[in-house]
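Naming follows writing order (A, B, C, D, E and F), and every chain is counted from residue 1.
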Amino acid sequence: MFSVTVRDHFMVAHSFRGEVFGPAQRLHGATFIVDATFRRAELDADNIVVDIGLASRELGAVVGELNYRNLDDEPAFAGINTSTEALAKIVADRLADRIHDGALGEGARGLDGIMVTLHESHIAWASYERGL
Amino acid sequence: MFSVTVRDHFMVAHSFRGEVFGPAQRLHGATFIVDATFRRAELDADNIVVDIGLASRELGAVVGELNYRNLDDEPAFAGINTSTEALAKIVADRLADRIHDGALGEGARGLDGIMVTLHESHIAWASYERGL
Amino acid sequence: MFSVTVRDHFMVAHSFRGEVFGPAQRLHGATFIVDATFRRAELDADNIVVDIGLASRELGAVVGELNYRNLDDEPAFAGINTSTEALAKIVADRLADRIHDGALGEGARGLDGIMVTLHESHIAWASYERGL
Amino acid sequence: MFSVTVRDHFMVAHSFRGEVFGPAQRLHGATFIVDATFRRAELDADNIVVDIGLASRELGAVVGELNYRNLDDEPAFAGINTSTEALAKIVADRLADRIHDGALGEGARGLDGIMVTLHESHIAWASYERGL
Amino acid sequence: MFSVTVRDHFMVAHSFRGEVFGPAQRLHGATFIVDATFRRAELDADNIVVDIGLASRELGAVVGELNYRNLDDEPAFAGINTSTEALAKIVADRLADRIHDGALGEGARGLDGIMVTLHESHIAWASYERGL
Amino acid sequence: MFSVTVRDHFMVAHSFRGEVFGPAQRLHGATFIVDATFRRAELDADNIVVDIGLASRELGAVVGELNYRNLDDEPAFAGINTSTEALAKIVADRLADRIHDGALGEGARGLDGIMVTLHESHIAWASYERGL
């Protein structure tokens, strides 16, 4: 099994609902360093998993839709806690949509799965992994 | 599949028995940077894998039982080599016990598995992964 | 010249005023990983720069006053841009106040200077350095 | 499941063929930081996955065959793109050969699989994982 | 004293002349992770050292002139060893030229100095520091 | 001003004397990741600060004298606390002796100073800087 990972980041405000979150129920923020991993069993005709340039561009587009925003004001996240793990799924699902739409090229249709890891600090991170 | 990881560390003395260990048969020491990963298929009602605050507290308690000690003097490790990989299992099993005892909350009973990685330096680390 | 550095972090929301900031004029957020460096020419009687335990506790207290907050709502920052470099100075000055108040012990009065670095992402950070 | 990982690096020139590579079709170069992971279900009689000293020595030997070279001139890679993911497989396969030849000791014959990750920069890396 | 640092990278082929370089006299390559630090005594009217967006753009332009090239073929480097420390000076001097030309804005004319660090691997890096 | 830094590590047991150290008064241990920085105003005839190969070899020799040892049993450290900052000075002074003895080559006699940083964990490190 092969994989390729590219890294980007986004910086957002948000707050959580639920006693379990303690002081994080207040409006605060985070830098999320995002690692997007693309997996496939065999390399394509160019001997790669995916074009790193296209992968970086599409990941940049996905995080660009989140960057410099207050997630509490985003209709897409109304009523849900935008926890690190939930945001990992949102980024992964949006990347999967772009792959299915052909944004990573025809070769990328051979991808088996993706994993997205969001680092919220040097001591905590979360991942979501799914098929394609 | 979702996961959340929290990081902590502990600093111990120990020595190894067996020619394969060469100079590491002498009493020496290590800083172990510990990454504990908690996995589950679906998020809980709060949209999280596990309460990061509780996860950090319990990991801190587990490494606190090891920190600033000479492992050669610990009855729990009598007769075994406390290699990085063996210590990864010890930390993982102790975390599993705490999860089963409810220390991470009722929601944490939905966890599927954990993985513990111990970094002994910038060029060597070891992991142990298990179900719950 | 000797130095000791300890690391902590805080997670805040804020926004900037001024066209130069582009989309960062919107309410967004950041995780700031904070490195606080303490400097002195000679070690103290215990052969250390400063007690790392006390240094970590006081840095934790300073970042705790900022953590999980919207800096736009903090009276202390009214009318100023809480840029990464400006926050580095705020953390450094508050640490200096604590050193002068004796919070790091009598030995810490022998410190010559401090430097605070705030990492806003894996590709950008800022520092402020001052005497004591 | 247990694993042990050791890190090394190599520095090479190469170029790619195919429009997808854009400016990387020109002769350029890379530092590849290599993480080699060794996996097994149970620890051996010494309570380890593999002798870290031997693992480091063999990984060093494999990367030494690549280091300080222009991969475009290596007969072994004639006609193939030495992408990061393809090089991860080359390193993994060469490590597997050495394991099968006994270079990591008799105990290493109990290894179940290996994974090799090559970091080409702080924002891109690739992996290849295989059985033994 | 304040500073702001931004990170980028470039990937090049090159070779060295001189017995001291051993096998690095062969054509090989490197990924250089570049940290450019901008220093000034006081913040500007926007409460910043320099516009991070402009600093990143100009650093990107400087490394873009080097990226995906064989430095042995660049007329600018004819007859000199493009060691990591020499390349740090080249990047710093080119950034200084851009600052003097106004590319980082009028405010950047208040900068006192810059430092450029090039990481050639996880275990070796070099820096060059100069005034403006 | 130019500098070159090389990284290595050593793993030791030790204990501290003095109430300020709390539980670290017990025999414990640490992995010290060591960064040795060599500084000079101008590059030598090969366009380098120091031969990285020689610098790494000599740093390796210095840390090799400490590695896999219980520092409490070393006559050289009798009666002193081997704090991270004190060990940084020990490594720096031993490197300086080797430079003065010519172990880094004649060119290295042009070095102006060295700095040694020891990382005891991901959240604490210490440095010592001196002239040559």
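The criterion applied here is as follows: a residue touches a chain if its C-beta (ideal position, glycine included) is under 8 Å from a C-beta of that chain, and two chains touch if they have at least 3 such contacts.
Everything numeric in this text was worked out from a predicted model, so none of it was measured.
Participant: Tell me, please, which chain's centre (mean of its C-alpha atoms) is farthest from the centre of subunit D?
Facilitator: In terms of C-alpha centroids, the chain at the greatest distance from subunit D is C.
Participant: Same or different for subunit C and subunit F, where same means more than half of the interface numbers show up on both copies?
Facilitator: Shared-number fraction below one half, so different.
Participant: How many angstrom between the C-alpha centroids of subunit C and subunit A?
Facilitator: 30
Participant: Can you compute the centre-to-centre distance for subunit A and subunit F, using the mean CA position of each chain? Integer Å is fine.
Facilitator: 41
Participant: Centroid of subunit A to centroid of subunit E, CA atoms only: how many Å?
Facilitator: Taking the average C-alpha coordinate of subunit A and of subunit E, the gap between them is 31 Å.
Participant: On subunit A, where are the residues touching two or more other chains?
Facilitator: 7, 122-123
Participant: Quick one: in the complex, what on subunit D touches subunit A?
Facilitator: Going through subunit D, the ones touching subunit A are 16, 18, 20-22, 80-86, 88-89, 122-130.
Participant: Taking the touch rule as given, give the residues of subunit A at its contact with subunit C in the complex, in rising order.
Facilitator: 7, 9, 11-14, 23-24, 26-33, 67-70, 120-123
Participant: Looking at the complex, which residues from subunit E come into contact with subunit C?
Facilitator: Residues 1-8, 43, 46-49, 51-53, 56, 105.
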